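Heads up, the next two complexes both have subunit A, just with different partners, subunit B and then subunit C.
And then the complex of A and B:
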């Protein structure tokens, strides 16, 4: 549990629940204001190259990893998450993706996040704060393929829920891997149902696969409870 | 009664023949039938009644054509009849009329059956089909004769067509329904010669090809009424029709239509003359184009397929003889000559009263920029829709149907080229199907042609299984054709089979940009940049994707991956694998063995031997539980094969001195199949 405790803070990202039994750890946590500035390094918007196949939205890859042995702290999440790069076309996506390790080959507590450009992979982001996510836990060995299928569906606008999709996360954990997809409006059941159905289809999930929808509000509350931070500022 | 019927028959045959065959059995069958209570039974009765009443003089035209089509229809119509009360009524009405001696109506009823089912009424059909019903029935009876005299005749289906009540009628019904079409032929033969088909050598001497007046196809009254017609010695096989219709509640509205498809390599005269050694066994006169052309047109007219896919159509013959004749028969034709110096090509024709054209693509397999695609073969891909005609007015169109026709490269050594040519054809079909899908419609597929490949060899396997592991296969084994040349120097196939610049992937689908109807353009219709997984995947290793992004932060172990490293594993895997696939679900009409004897059936024969190289493939209706069907879930998806014209064995053809001969004008036989297509009830 202690380890988990540590883990919570650091890793996070997408999934909470990385370790069983632990409260959802924070996804992205609380970021001090100043920190925020740093994270959001505004780059000029990327654009598709000539002759390339533009995506409906630009996206940004992020990577985060728990630093072993460090205590959980509100800063660690933010310190540990790195923007890898942004892209605007199918070709540019592959350019990044091809130079990145497959999630199944990652070691330790690590996460890849792929979010629309301008949306940080954090609960607190304006785009996320009313939102939630579908979570699918995978046994080891499936993450690479599922992640690829998930993000191809997202980039290719296969979810058909307008602008609702915010991003996707794959979290590599000790005994399992977790993929999740975030959307803007947790209360919009039609949207969440559609996302669920599309997930099933694009991931080719067996019918009995357990899928869990969790609102970010709940995630935050759980995180705060766990850390005794109910009244603390960071959480919202 | 039997006599009466016969009379009808003869009459239909213009009374030239005296019926040698008396069939008592058929009569009995009919009688038994009569006892049956259900609609089907009734219909039968009426039919028989009508026949009895039918006067020879009445029946003059159109039966031949009518037979097959009608027959099938008939059986099906009844099936369908179970489904919709209206149809039943129609049928019954028609029959009633018949009973009253109005043959014409009967005719219509049957003829239109298919159409009725689909609410189609062909005006011409109405007018011209006189006495059809009578004929038909006759045929039914004749079936019996056929069964008797021709032990070859196989009844494929013992199913009850629409008899919910299972009494004796059950058994009889199927017989009646099943066998008809080829009976026309069979009966006549029977009547005249009593010749037993497989009897062996000396065939030519024994057979007196009966000259009888070929009744004008009912659809085309303008044709001459009398033409000498030589019997086609091939049998029509009705396919097993399980009757699900009886399980379907009346309330379910289901309409269907039947259509027939013929694929025929007609042997271009220029090729014949360039390869005379292949036809040394043939009497000179059967090699004469004028003679062959007349036989050919008669054969087409005889069967009057709704869709006709011809190969080896010589350009001048197309323009001078075939096109005019086919137009007159009511066909709309699309012709594509081979590139290069060869003078022949493919023609796809469809009956304008049955189908409307949506789109045509003429494919050239010759690609000057690609070394391997240096052969001048072509194909035609047609997108059509059945017309639903009510009272002479087209009231609607049915679901789209993609009809592809090709003649692949002959050269047995060039299996890789054949595969690439096939891939081009399949990619075009795939694009057409996708374009329909983008509009929310399911598009059924029929692929016809001379594939210059024998059954169960790699190319054929790719078509019917959707998958071929080709790595390392010798190029001269792909088609399975015998390679007469030196077999010692053959090449082995290696991935990729063709360069990316062909714009076709190993799923036999167009990659980006090569074609208007690719997934890309479809996606843009929705005004969103929507891409399928497959679409995105094809850019995985595009040059732009292999360059490391300048702004990619280097994280050891995370972002320092070299795409080339992963490429070997993945590229083979995901991109051009050692496996070629296609995503169309295709099944062959012919199973390549004669049902009774188990002998291989062949579609082509010349001095160097016989083989199956011609095919009709189609997207089959996959079985669903009846209850699912009742929900109309699968409406319009998939074709149901309801019958086909059987092929012959090599022995039989040799006994006729090979091909071409006085009966079959080409060195290939025609392939003919009938399909049933569900049409969504509105």
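And then the complex of A and C:
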């Protein structure tokens, strides 16, 4: 339903152009419900503002933090992950980014995720389930700069792999930080090689930096094996 | 005279063709270099607080500059 006029058109007999005084209670409710629906749609369908620089895709920022002592499962992971906001233009991206802590200043076991709007930062999402990710482990002190370079390359469409990119993650851990970029098709070697080469170029990493590609099916298997053995404690 | 004026008026009311814009977007992807994106970070539009920002420990009250601008 596009707007409240369509809603009225569908429901009544077409006499809504006549002045009937105040609407009946049921109609009033309908209009209010529809306004609520409009607000939800507006929040979901973010568009570039006038004069702003549009992005190829809309994106959503997410944040997650492991809560100690709670059982880890797909369900609790989904509950733990918080949506910060979505954007459609370069200017809107900077507005969110400049109002968020830098990854290097995060404490504890936490992650920032930046994914295309509509893709959840989860292995199980339809866009991710056949996919995988490039992982780069970083010594402490590099995360903020590398994360910024990574997401600027993604938003600026520097990877040149069509629709393949799903999103990027920075994971702050105890002794190291990890950045990763997720793509749709793990079996597409031309795509994964191109992503790797672009990563090397845009991140300006030291030559000895190790890059590892991991399929999400391997990640799921490793996670299930581990949690089967240690009785479900910890994150993913 | 009257008729032709009316026709002219109606011609201006022909619907726009929004699909043409989308067709163009499909051909060329919108790409930006890192330098261009960083330059835009300094624009006043980029520093405004987003409308629907949740209250959260990782959300800042004041905007901070991007890492690249901070360091150089």
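Points to keep in mind about this one:
The rule is short, and it goes like this: the second predicted complex is superposed on the first by the 181 of 236 C-alpha atoms of A that agree within 3 Å, B and C clash if a C-alpha of one lies under 4 Å from a C-alpha of the other, contacts with A are read in each partner's own complex, and residues count from 1 in each chain.
Note that in this section a residue touches a chain if its C-beta (ideal position, glycine included) is under 8 Å from a C-beta of that chain, and two chains touch if they have at least 3 such contacts.
Since the model is a prediction, treat every value here as computed from it, not as a measurement.
Applying the stated contact rule after C-alpha superposition, one finds that A:96 touches each of subunit B and subunit C. Of the two partner chains, neither subunit B nor subunit C is touched by A:118. In the superposed model, A:84 lies in contact with both subunit B and subunit C. Of the two partner chains placed by the overlay, subunit B and subunit C both lie in contact with A:54. Shared-chain residue A:145: touches subunit C; no touch with subunit B.
When the two complexes are laid over each other on chain A, subunit A has residues 43, 49, 52-56, 63, 82-85, 87, 90-92, 94-102, 106, 149, 152-153, 155-158, 202 in contact with both subunit B and subunit C.
Residues of subunit B touching subunit A in their complex: 512, 520, 528-533, 535-537, 539-542, 544-549, 551-553, 555, 557-563, 566. Here subunit C touches subunit A in the complex through residues 29-34, 36-38, 40-41, 43, 45-50, 52-54, 56-60, 63-68, 71, going by the rule given at the top. The touching residues of subunit A, when paired with subunit B in their complex, are 43, 49, 52-56, 63, 82-85, 87, 90-102, 106-107, 110, 149, 152-153, 155-158, 202. Interface residues of subunit A facing subunit C in the complex, by the touch rule stated above, are 43, 49, 51-56, 63, 82-85, 87, 90-92, 94-102, 106, 144-145, 148-149, 152-153, 155-158, 202.
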